[in-house]
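Attaching a single structure in structure tokens format; questions to follow.
Each chain gets a letter, A, B and C, in the order it is written, and its residues are counted from 1.
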Amino acid sequence: MRWIVCIKQVPDTTEIRIDSRTNNLVREGIASIMNPYDCHALEAALQLRDQHGGQVTVVTMGPSQAEECLRDALAMGADEAVLLSDPAFRGADTLATSYTLAAAIRRLAPVQLIFCGKQAIDGDTAQVGPELAEWLGLPHIAGVEYLVVKANNITARREAESEYYLVEANLPALVTISRTMNEPRLPSVWGRLRANRTPITVWTGEDLDIDPNRIGLAGSPTRVKRIFYPQHQRQTQIRQGNAEQLSNWLVKTLAEERLL
Amino acid sequence: MDFALSLDQKGLGKDIQEFSRRFLAPIAAECDEKQEFIPTEIWNQMACLGYCGLPIPLEYGGAGLGALDTLICLEAAGKGGAAAGHLLSWAVSTVLGSIPIIKFGTPEQKELYLPRIANGELICAFCLTEPDAGSDAGSIRTRAERSGDYYVLNGTKAFITNGPIADLCLIFAVTDPDRGSEGISAFLVESSFPGFSRGKQLDKMGIRCSPTGDLILRDCLVPAANRLGPEGQGFKTVAHHTLEWERANFSFFLGVMEYNLQTCIKYARERIQFKRPIARFQAIRHMLAEMRVELDAARLMFYRIGWMIDQGLVPAPVQASSAKYFLTRALKKNADYAVQIHGANGMMKEYPVERTLRDYKIAEIGGGTTQIQLDIIAGNIIKS
Amino acid sequence: MIIEGMAIVNEGCTACGACVDLCPVEAISLDLDEIPTDETDEYCDVWVWLETRDNRLEGVGLELLGIGRELADIKQEKLVGILLGSKLEGLAEKAISHGADRVWCITDPALEHYENGAYTAALTELINQEKPAIVLLGATPDGRDLAPRVAARLQTGLTADCTGLAIELETGNLLQTRPAFGGNIMATIITPHHRPQMATVRPQIMKARPADAARTGEILDYPFESGAWALTRILSQEDTQKQVNLEQADIIVAGGRGADGPEGLQLLQELATTLGGTLAVSRAPVEEGWIAPDYQVGQTGKTVAPRLYIACGISGTIQHLVGIQGADIVVAINRDPKAPIFQAADYGLVGDLFEIVPLLITKIRKIQKQRHQ
């Protein structure tokens, strides 16, 4: 039985600051981490493997440095890791990414259940999971925070706008995992040492049955037209001083704005 | 020569720093206030992750790490913001508790104790110091007299790290009073042995998260099979050949210094005086730079000791004592500057730098005082 | 990528083109194989999925009609609403009063609750038949579940969680602007050669038009057996007992990493209670486990539009700021005068929240007491 977890290496966006003088992103020393949502997806898969047996395979698409997050996944307990790395994969949007992942997962068949994080903290699109399910022709349940796996189907609870749905789907299927589902484990020392000694499978485009027009930038319907730093419209009044002065000023201001 | 950390070292450091940040840093202030060790639940988790058996061989349930890897792990825990006291107790139990057994234990002793140290069941103590034998460790008076299949131990051990909580104590006692330090033997004493009792937990100024206390042995019956190493070799062999490890154990303070430095950099960027962040003032900048330089130097000296142990280039008393001596000096300045940079805030208990200024003192005293380190260095270089 | 104002082209290049725009001497060009233009002209009209819940229109649908109307007017095309559900009486009329020219209805018992298989099939079928140029969905949990499934089936582009939409006049392309890179930068995305151009749109950002009962439009039924297409089975539905309703809050006091722990948030809760408002947080407190995710404002949390937003100990990553764009007045309390939150605030207090907030509570209570007397 094979449990697949799709993960992504992302910059630790909580660490990112903007230089107030140049208005540029300060990226120096920003660590690359496994997308935090994916840690929860991996944890979910590991728990199910421990319960039902089988093996957990983690898959990521990215440059060679993305190996680091595969090692983290192996350290947490994944059994094998596949890196999809090819210059031709570059510039992929969610459609091209999910197409490529789908091709890799077909090579890993038969597959029981595919896990993705609900979204990634760099792009925050939450699109790759459902798109991947569509490419594979599988049912998907997004934003899962409770999951039971039976022989032929899964039951999952997903959170919608103002209610929960208990949803059932036949296996194989794909789920995207919410961060409230579990608490990801930390790697043990043994896990970390084993991870560093586990070979990582690297597949390029040639290893996959793919249409070159559907991968990378060429296979991406969307284009980034422009990137800019947000402008703030407010006329800021800033005060410094001791707490007494500052609180007096604010209370007075709020009273003038009729907010008290 | 290669100064790059290995994949294992980087990965383990990352994991343990994260563990420390998540689980040990949040409890540091409260445990310091109440003089409490790591709660059982967290300790058990550390054991599950392999942290209680870092240098213990794999076949005994440990992680099988070498010295350099182990001290990088200890350092990483400090970086994550854990209390120095917790780390001291952990290092003493995990490293000083296991190394003598690994090096000098019989197969039966290893089988009996190493797996239970690794799985967190046994907390260990290293018991040399007595009320009248501190720096002059060779002058201990605790007696061990052979009686059939047992030794009968009588005496008091003082200021023992983990004394109030230890399950397994490596106790040094005199078996032959006529032979001076060559009449000292080492014993693995379980706290459940008859005649073993503890004094009360001592109230200390620093490393309050590390429980310290006296151990009292009154006709304590220790099976002869629990003698570690040959009779008369307790001091000359067991204690002496653990010295490098004993020094290297202080590497958690490298992490504490790093944590302090990062805390100070952040504070200096945010704290405004004279309409600008204090990080702009040369007086502050130079303190930060000094902290960085000395931390770096101390780190390199420690990594060298770890490397020398791994290479079998021991005994290395000069390098080991130099590393500890230098670390202590750097740490003292680091703790002092950290509070100074924080100004009045730095004296407040809510800032972790305050704790370090109390905690650092153990490094000048424990594991051989600064003066003893200098004596060892001088003795060795003048002799040669 | 652009680091410190310098273009770096390496293995991490995503061909985003930012370097091309930046280079002052036009030394960098992006050599892309242009995909042959498909018959994009064939596609016209702006479509909006009108999300329903318990046979009522969700607010986000009306917001989409608001922005959709603007886009359709620029393109001189029709604005079309799509209704999927089991009982749709009166909803199409309402959509028309809020700006739709035409409403397609697919009524089927299988569409009573949102189910991604049936909804995907129904929407895709309709799109394939009618060929709209633009399809907009709300960036709600269901909208963000449905849109990628539909986009992948149509093999077209999709832009998530847009906060701005416009039409590029030269090409007629939809300019889809969204926060990217953890919300620290904004990116404008286009879908040049694929149709329809699909986007999900963040709720609470676009303005709905007031209802105009005099407006007229076409209401069309599309018969479609969607039940056969279901991929999942809904076993039960249960309302979340959400304590927090940040979206509707009038006054919000929010805490970030600077709140330093649950006790700090407790203090902010006290200020919120004093002001008759609600507590919220940035991402850090949720990640640190100080509070439930329901309280989070920002890119990955809620978008809010209160009259007053007091940010305490929040540095102000754009990931957070996108969530408070709609606030009338933003007050920031932070120790770091360089914190970006100050640029997004109306009033900034440089100081320690643990000193300022208790004083605020005391002073506001005093004023309130005086008023009562």
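Convention: a contact is a pair of C-beta atoms (placed from the backbone, for glycine too) under 8 Å apart; a residue touches a chain by one contact, two chains touch by 3 or more.
Bear in mind the structure is a predicted one, so any value in this text is a computation, not a measurement.
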item: Far-end chain from chain C, centres as C-alpha averages; value: B
item: Chain pair bearing the highest count of C-beta contacts; value: A-C
item: Middle chain, criterion being Cα centroid separation; value: A
item: Averaged-CA centre spacing for the pair chain B and chain A, given as whole angstrom; value: 40
item: Chain centre separation (chain B, chain C; CA means) in Å; value: 53
item: Geometric centre distance via CA averages, chain C-chain A, whole Å; value: 19
item: Interface hub residues of chain B, defined as touching at least two other chains; value: 272
item: Residues of chain A touching at least two other chains; value: 240
item: Multi-chain contact sites of chain C, meaning residues that touch two or more partners; value: 337-338, 350
item: Of chain A, residues touching chain C in the complex; value: 11, 13-14, 16-20, 22, 24-28, 36, 63-65, 87, 90-91, 93-95, 98, 119, 121-131, 133-135, 138-143, 155, 158-169, 179-180, 213, 217-218, 220-230, 232, 234-244, 246-251, 253-255, 257, 259-260
item: Residues of chain C touching chain B in the complex; value: 335-338, 350
item: Footprint of chain C on chain B - complex, ascending; value: 269-272, 277
item: Residue ranges of chain C touching chain A (in the complex, touch as defined); value: 2-5, 11-18, 21, 32-33, 35, 53, 58, 113-114, 116-117, 120, 140-142, 144-145, 147-149, 151-153, 155-161, 175, 179-194, 231-240, 242, 251, 275, 283-284, 287, 293, 299-300, 307-308, 315, 317-319, 321-322, 329-331, 333, 337-338, 340, 342-352, 355-356, 359-360, 363-364, 367-368
item: Contacting residues of chain B [partner chain A, same complex]; value: 7-8, 11-12, 15, 18-19, 22, 48-51, 54, 63-65, 73, 272, 275
